[in-house]
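As written, the chain order gives the labels A, B and C, with residue 1 at the start of each chain.
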Amino acid sequence: MSLSPVEGAALAEIESSDQEPDEKKRLVGRSPGQLVWARLRRDRTAMVSGVVLALFILAAVAAPLIQRLYGVSPNQQFGDLLDATGMPLGYVGGVSGDHWFGLEPGLGRDIFIRMIYGIRTSLLIALGAALVTTTIGVVLGIVAGFLGGVVDSVISWITDVALALPFLIFALAVVPTFSLRFYGPRDAVPTWFAVTTLIVVFAAFGWTGTARLVRGQVVSLREREFVEAARASGAGLGHMLFRQLLPNIWAPILVAFSLAVPSYVTGEAALSFLGVGLPESVPSFGRMIYRSIDYLQTDPAYVFFPGITIFALVLAFNLFGDALRDALDPKSSR
Amino acid sequence: MGRSEAVPSGEPDRPEVPEQRSGDGPYLQVRELRVRFDTEDGVVRAVDGVSFAVERGRTLGIVGESGSGKSVTSLAILGLHNAKRTTISGEISVGGRQLVGLREEEIRRLRGRDMAMIFQDPLSALHPYYSVGRQIAEAYRVHHPRAGRREARSRAVDMLGRVGIPQPAKRFDQYPHEFSGGMRQRAMIAMALVNDPDLLIADEPTTALDVTVQAQILDLLADLQEEFRSAIILITHDLGVVSQVADDVLVMYAGRAVEHGSVERVLRAPQHPYTWGLLSSVPSLHGDADADLVPIPGNPPSLINLPSGCAFHPRCRWADVNGDRSRIEVPELREAGQAGHLVACHLSAADRERIYRDEVAQVGVAR
Amino acid sequence: MSAETEPLLSVRGLTKHFPVRQGLRARGAVRAVDGLDFDVRPGETLGLVGESGCGKTTTGRMLVRLLEPTSGSITFAGRDITHGGRRELRGLRQDLQIIFQDPYASLNPRHTVGRIVAMPLQVNRITPPGGVKKRVQELLELVGLNPEHYNRYPHEFSGGQRQRIGIARALALKPKLIVADEPVSALDVSIQAQVINLLRDLQRDLDLAFVFIAHDLAVIRHFCHRVAVMYLGTIVEIGDRDTIYTRPQHPYTRALLSAIPDVTTLGPAGRIRLTGDVPTPLNPPSGCRFRTRCWKATDHCATEEPALTTRDDGGQLTACHYPESGPVGMPTGEPVEVSK
């Protein structure tokens, strides 16, 4: 008997399955990325923290422009606005129309513009370090997870060693030694050198988390049939790692990245606070907070402004990272 | 099971009407059950006005495609839906007790004692860190608080033996991973039956099993039903399984019942185009192996955005027989041809008979 | 199928043992596949059927060289492909493709349908005449999908449609043989029938050879010219479809056929009831592997492994010392309870 009309109907049905194209488009015609974006848009925390982050990044990028408009440079000293003991004149640490957040006690530099530059330094180091660590982590993790066996054991062993080293002691010991090798004790260490040193130190320790995360993801994905399908078609290692697997682990990598940035912001501040970070001339949160501690009693405004700003920056990054994680969560998808 | 021998096709006089039977009435009675979930994408009407009844000693088979609301129905009876995101309405009465609207702990007390469930995947339903026997004994003690450890243990060993596990006393102390798939399903059944429930719901109990083991489990269920006289709901997508063990059949499509009646009627004289489609798409061991199968065209609809009128109309070859009616009006479940055989379709009895005889029967089951 | 045709695929003594370790020490091996012999001729479909864990998937994956065989040989189109590396296999991959069971795991969720179907062309650096996109759209049309769906993502499709995408991908390189590993097991009956019909049409139109793996004898019956029944890593019976379904000789084949719940009969199915489960392949029974569940087993079965050979009447090969004869449904010898 000839049943092809029915079969034909079956196929026709599937082909014509998008009646009401608008309705359909709205419901299904979206890529996984668009779905995530739609979910982020609906999350108020994500939106607020995202806007705050955007403002911070804008301030960092546009720092020279802000300086031009504001009319004060970060290393300019306003000695005439300090009293005899070096404390800023006026209220709340010298807040005024010219100096929005007041002046530093002692040197009399403008706090607002130093903070704008501090954000720039902070974000530069944090984003740079996060980029380097993520790259190292992804490459090592993906290779270890996919190849398994000896390669996996060796990489896992290195990861464990890196995790076992105490970061702070290492940094305190290495950073000064490192600059001493290239510059004398009296020489001024150039800013780019200090920044690079910090990024390298962070990178040496920070990749372990990402590597473990990526390795775990790859282990769970590598037996998936879509990878097998590529292998069965004769795909090489590169294709399977970077074309098939990587697009599927962007989500956790992105989350790890956005949660790593704030930890480097605080890391940089901590090292600068301990005196092994950036030189005095470079505006930095760590330095500012370090100096402000001496004036906790006499000039609380000096602690307040940098403190609240770094708090807001780190909080915004963390909230955004968490929101991103929720938006990317496959359990709430589809 | 409580069914007498098969009746030849279409014999018109068996009073298989659960609702109208004499005696103390059906043990489980579900009326106009509706279950809704609020989700990100909209309201999912997973079950939309389903009614059925099951008596003690009888088996109701619920069939339908994936997503047609079979499991949601059974979880509603057991009160296992998350109350926050689920809206349930209608009536569910078990042994004369109304369940919809009952408080959480009251339902929990009934669960396990009066009604029990067998899941598709026994490995995820058994706890991996406790021995199988201990889990069965615990299930017993929950509802028999005065039973001692020893009594519970001997009861569990007894049950393991009853479901056909060799050396039950030895097996008592083994863990789920030490059991094979078929033995795990037996253990699940032992756990479900340890409190002599009057209602047993089995959701795809054999889907994960091999055919030879499936045959054992289905036999076991039939034997146990004879012994315990419980009412059984067997959910499956396999019409073959239904034909073997069910007394009555409920065919679901997109959250609604489309056909309901005795197994002889539904499988031998099916009335709904969806049931016809199911029957003719099953590959069979008999008939012409070189003939093409007759699939149901298209895909099941989204429950958020059901087609208007008869939800089956985009896939139905006879949707145009009554003009636009199938596209506009939702067909009600009505008696078709014989008392107790219900069908939700706008086709007239004469049309159905003619279509089944001329267009379906040769290619369908009777292939 | 004329018997004279040169086989396209020829498998001899194919074996796969997975070592099992406890800590560092080897603790034996899972004998997943243990010495298979079979041929597939061009344009022929061979069904591999058996219960879960009997080695069907392992066999299929060895055929497309996703797994390295422990021993034995695979000859495809006259070339020994048992141990070739990626480079040597390159040209051959195009002739030998696989369709997977799980319509969800087998498509990369982050790739568009177009990219998924084009993948085999891309990794083999093939540019078909008219361009990749045109070829992909032809393929989508061939498997009954709308070519406009080129830019959609897998999550927008139902299980049956996804399986069609997987089929289109397998067809991209115009293979001669496709290994289909339970391609319809995860689908609903109505959709399953759509996909079986599609595969049948493709098989006929493109003259494809198939190794079609399934646990459902009824599905196999509608698709295959020949059928091989597997039990615990070995083939227990192999022959033409009609012979296997009407006059099976191996007790296991009979038990399998009899256990299938068939819609056409109401009430409890066939008379043969096997007891117990499939034994573990870690330590298969001596002699005939089926003896722990066979109602005809004797001491002889425990000591000597029956060879896969032709028995009296039927045209099939059977591995049993006491083969059955006559049509199904009438086992010689009553079913008896067998204890282990």
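Convention: a contact is a pair of C-beta atoms (placed from the backbone, for glycine too) under 8 Å apart; a residue touches a chain by one contact, two chains touch by 3 or more.
None of the values given here were measured: they were computed from a predicted structure.
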A-C compared against B-C, more contacting pairs: B-C
Farthest chain relative to chain B (centres taken as mean CA coordinates): A
Chain A-chain B separation of Cα centroids, rounded to whole Å: 53
Centroid spacing, where centroids are CA-atom means, of chain A and chain C in whole angstrom: 50
Whole-Å gap separating chain B and chain C, where each centre is the average of the chain's CA atoms: 31
Touching two or more other chains - residue numbers and ranges from chain C: 161, 194, 197
Per-residue multi-chain contacts in chain A, two or more chains: 7, 10-11, 14, 17
Per-residue multi-chain contacts in chain B, two or more chains: 292, 294-297, 299
Touching residues on chain C, where the partner in the complex is chain B: 51-52, 158-161, 188-194, 196-197, 200, 215-219, 221-222, 241, 245, 255-257, 259-270, 273-275, 277-278, 293, 339-340
Residues on chain C engaged by chain A in the complex (per definition of touch): 61, 64-66, 86, 89-90, 93-94, 97-98, 100-102, 105-112, 116, 119-120, 122-124, 144-146, 152-153, 155-156, 161, 166, 169, 173, 194, 197, 201
Residues of chain B that touch chain C when the two form their complex: 3, 5-6, 65-66, 166, 180-183, 210-216, 218-219, 222, 237-245, 263-264, 267-268, 277-286, 289, 292-297, 299-300, 365-366
Residues on chain A engaged by chain C in the complex (per definition of touch): 7, 10-11, 14-15, 17-18, 28-32, 224-226, 228-236, 239, 244, 247-248, 250, 333-334
